[in-house]
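Shared between the two complexes below is chain A, which pairs with chain B and chain C, respectively.
Entry: the complex of A and B
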């Protein structure tokens, strides 16, 4: 029960300078590059957070154009995810699919991004039509690319078209050059490619931190779950590290366009580059937050020491850690992969952030990992993380509790360009199918996918990167694997559908939702699919009992998704909102919203842009983009009630063993919630009662949430709601909605 | 008997807030705790005693992700 205390003497003594380097072939790779198109432009810095122009690049035709940022774009879409959705809407038709040339990848940092006075201000948002869901996906990511793009003169980068050869897009924001280069011999995997390109485009040693590379890896070419790595240069370790835009397969779109990498060379970062309207307020707000971090973090989440991995043991203690494909919520071996171990394994001795000025500094580096498998076997590498999602997804959810194997899985996911969350959930599904006889050695091509078999797990990943064998099937994701297994007649279709943890085609992230109705909605009633960045309500609902009625849950599923959407419009990281709180937070009304931090965000936006807002206006800003995205989904043939359906594993116990592991709780619910007597009933009979009760209440939750959001019971925003939000100014948006009313 | 987040917990003489957290395995570090609608500060968790029949609310602030 006592909080973990950090003991510096236990940190492993690893010489991280002994890392394997990959620069030997740099000159030959550079010599093979061929300029396909080059233009010059006038670099500029932002004014009040905006550069007021975006960059359009067609990688097929080599068209390179600047576009103005209009006042309407700022008023309605703000930036970041909003700008991404706006550009994507204008680029595609309702019939466009992910691999059509008109699909775009848009990267936009948002008006606040790049600020260095407050924590968590280096984020950018990546938007595209997803190969997994066929609707827009948005993925937020740290690293330097987004802020350096803005400081090179652009509020967003639109990538459209398809190249017929591998290319690199280089933006030199110092010299004012934009160049498309053919890159015929560049390395494929991110940890090699980004190291080579960072050194290739930096003019000297001091210039290395001014370079950022966006790349993916071999698996993005052979799967639908490809991810993008955004690099940042670690001056202390003298190496390139990454943050990931993971969800939804944007890396797959990237490689389908034959983009090998994006490289930006920005100006040297300084505190005044964003040119805010009111720098004094920003400085004052930042100093207040940094003091809070310094004084409180050590007795709160210990983010500076543990990062998000601090909740591995917390989730385990509350029976919420996904174990064995979300069947169970805790495991006796979790201590092998919890933060007490990572404190020893992650070797930073100072703050370690993914953007300048972040005092939360939750990035972590595990150095000196010697790889046991794959094409880089024997190499010594630095691995970022693992963050909570990686430890839970690659670890407990698959029964892998060997920390070095977990790091190796994490490393290969990163360098191959695979989303760790997606990979964790799909592998857990494969393993459960194997354990239940839906899969066997013959069907997996010899892979023995039993719980905890990390070697088979890694081999499946290497196959995915090579586009071979069962790994290629796994790379289609859970939704398509379910369809494939059922088509082959390999098992009971209902069981396969129940245990495959996807909604809208996207895999669930790593929290157990079956005992929290609000979190079931927090996952399934989302725009892009089940990612916890819209709403994380498990404690409020299941532990605190703060949301007793459907209306209470609906209110939480109105407020929190909108509040959290706002981070992605502006370039903020979510973590400094509530992974540390002011010392007097507990005495504030609505302490769970962290009211002082909400006011900080209001102040930071107003002080950056000069547009005065309050906390109600903040929610309204998000509501415009959120509802626009919902209509976008409907335009693409999804976005209705039927598309919000959840797999039963996320709602309740699918199997006898799951029921019996929590029999006391479930039997009690039969008495108190259903008014029935469980005595004398078989487990199967009790499971059937639960299924009826749980699916009914999920349906009632949908009704309540849709009503609160101003949507019809089919999940369509009403015309009145569009008018309230000013979205009726877009006739195409109104037309889409009218077809469904 | 006391109620902790609406669920009953056996009470004993001298029971402190820390005892409740231990009994419920509430390990999350950021909590807001009220005993009979009175806020208990974190520094007092080891010493603040809980009367029989008390209503205890242990609000876990949202974290994660």
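Entry: the complex of A and C
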């Protein structure tokens, strides 16, 4: 494939300051707010990345308390996702489910978060018990909420309890006020709500960037796939934009607690609010990275031009782009939604970082979209992205290749508060069920869910937002749809299970894993469910053939999930790690790990916290939290080998068409991998051989990975592993494990 | 716009002067007694040549600044608003001329304001302020 060259003259001429405004009702909405509880507190800035306290809010009882951050919390859990899991563990019982009042939503930015000198340093980590999986879910999200929360004085926010009316939690980190307000007439959908609230709580125009809002939308309320929008004020566009904590239904938990929004008003951001131990190292490391971005991005990933959508055509070229519910890996119409299109359609004259200092700036925006359907029909909006996952999930995986419809789907997912990845995969499943007669017009209540029917797709989404019709069933997610369709007797249960792309209750994200055994493990052998943020090994495994043996794959599935977990402990974004690399990276040992960037991370952590670590210690920090999370899953009734099973569609060809579309490849594998002769065999016979071979090797992979991770063959961390990690200091953790040894 | 330029026919990269320009800039403009903090840097090469690090007010840093701390003033000169700056140093990393400066003692970086103070003290008259048209905004 040739490198795409950016041509500024082709960028569409769209005024990025124009959009529909929603501020008319602001005063009335504000007047309807009623203070239910208000306390004052002393704001403080972090010291070496930590404020050393967390905030607990019970939205049911209105209890608001501060808790100290202990040395043990820092040593074992670091922050971010680690703090989230720690608080959640203490809040729930093994019988707790997502909609019990004791379930929590924890938001924690991590010690490094809020740094402004390096790219990708503003992330919040959100943890809760998921309505889709019944185990902890964690989500790594941009936007300003986490850093502003920390600069207001808190390393984490715990939300527990259930309110009986819609409320807003407002934290004023300048004046030292925390308030629970009843919000009876606030708008529901994020793009309206966050705009109104940003203007309501900002003291003046200059204050707008100091406000961040966490919200969701109408569909989060009527589905299990709700997500949270974390806002940031875009100074150039003069509008509120979002990053999404997408996976696992945290938005649904949020609405179940009747939280309408969280609003923080932080102090004006400056470069030293984290009070790091060694600002000079941070400055030098940051500048080095920014230069690398300037010099290399244009000939590497073009993240500044395309965002993550740059890989659409790469995935297509390698037969890895999910098409029609992961049946196929490429499609002739992909050029309509690939990055050469998006770099013309997205606004390019602006700054698109989701936190200050992100020179990777992937948070692109497509401005000037006039909506064709739904409650905001006719409005002109700015759409975030589309990111790769959305182009693939809402686009190719559902056969939608019309970019305007793709943007509209993306927009409504965002404002309705549902996860685009989940929605894409579940819609692809619905469409394949429709193709195969498992669903029909009668069963969908009139929706013609044929491939590429974007209007029906949008209508299903609007139904989800209204809590009506088939949209409500779809909003349960793939796992519950499968159970429902099988119970209704609507199709062959094996076929339904084979093509329903979920594991542990969570939908797959948008990569084809059939030809990469390591990626099959990268999806299924995860803590939270099949999301590529634990391990993305397709290229190393399938294209570059760097992982030939089971041991190599197991090593990668040991190292990368731990390495990537570490981003979430600290509030880092993963993308600047390897979406640009130093010019000499390929000549370095272990180039796939991007050693210079790993060293940057080691330095940034040490320079922030004053705790000197090296790259081995970095992995050890993650291993503690990762294994703790595994034990947490076991405590909640999952987390064993049985729960790591993968749907067959992720391992190999389920249907005859799938096999025959890539017959040459599959026949060849019968010869080279199985040592058999495909000649004279029917497609069905050959498919059976593949199924046997593919499920066997997946099972062998599980053995190797579990062994490498220090787990039993049932997937349980051994006592020796817990001791090695110091997790034996937690008797409850040891107790859970003992029951399974 | 006002732009600082140097004539290397006249400047010999500090061999026959005391880097008066740097010293004067550091002291008068940035109030520090350290020529390393000046907004211009004159470097001598061993082969007798030299190089000047000068800001040409190209405006690239304005494009990348996330907090709108950088704006052109009426004279077209790129100025920094210290109140708005978040200390991200993207301006430094994205300046192709390495002309955005950083003093390790300050969190906010600094740059040339085309004030002309250095021009007056150059013993060889090598520096001058010229008026040129603003370049088009680049997508960076």
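As a convention for this text, the second predicted complex is superposed on the first by the 740 of 741 C-alpha atoms of A that agree within 3 Å, B and C clash if a C-alpha of one lies under 4 Å from a C-alpha of the other, contacts with A are read in each partner's own complex, and residues count from 1 in each chain.
Please note the rule applied: contacts are C-beta pairs under 8 Å (C-beta built on N, C-alpha and C of every residue); 3 or more make two chains touch, one makes a residue touch a chain.
All values reported here derive from a predicted model rather than from experimental measurement.
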- Query: On chain A, do chain B and chain C fit together or clash when superposed?
  - Reply: fit
- Message: Contact-wise, after the overlay, does A:495 reach chain B, chain C, both or neither (first, second, both, neither)?
- Response: neither
- Query: So, does A:8 touch the first partner chain B, the second partner chain C, both, or neither?
  - Reply: second
- Task: Could you say whether A:271 touches chain B, chain C, both of them, or neither, answering first, second, both or neither?
- Result: second
- Determine, under the contact definition given at the top, whether A:591 touches first (chain B), second (chain C), both, or neither. first
- Task: Would you check which partner chain A:117 touches, where first means chain B only, second means chain C only, and both and neither mean what they say?
- Result: second
- From chain A, separation angle of chain B and chain C (C-alpha centres, steps of 10 degrees): 70
- Message: Tell me the contact category for A:663 with respect to chain B and chain C: first, second, both or neither.
- Response: neither
- Task: Could you say whether A:291 touches chain B, chain C, both of them, or neither, answering first, second, both or neither?
- Result: second
- Just the number, please: smallest Cα separation between chain B and chain C in the overlaid arrangement, in Å. 19
- The shared contact residues of chain A with chain B and chain C are none
- Task: Enumerate the contact residues on chain C facing chain A in the complex.
- Result: 63-68, 83, 85-90, 92-94, 96, 102, 104, 107-108, 137, 139-140
- Task: Write out the stretch or stretches of chain B touching chain A in their complex.
- Result: 5-6, 21-22, 25-33, 39, 41-42, 57-65
- Complex interface listing, chain A residues touching chain C: 6, 8, 11, 116-117, 209, 235-236, 268-272, 279-280, 283, 286-291, 293-294, 304, 348-349, 351, 353, 356-359
- Query: Touching chain B in the complex: which residues of chain A?
  - Reply: 1, 3, 299-302, 308, 311, 313-315, 317-318, 388-389, 509, 511, 532-533, 536-540, 543-546, 574, 578-579, 581, 585-587, 591-592, 594
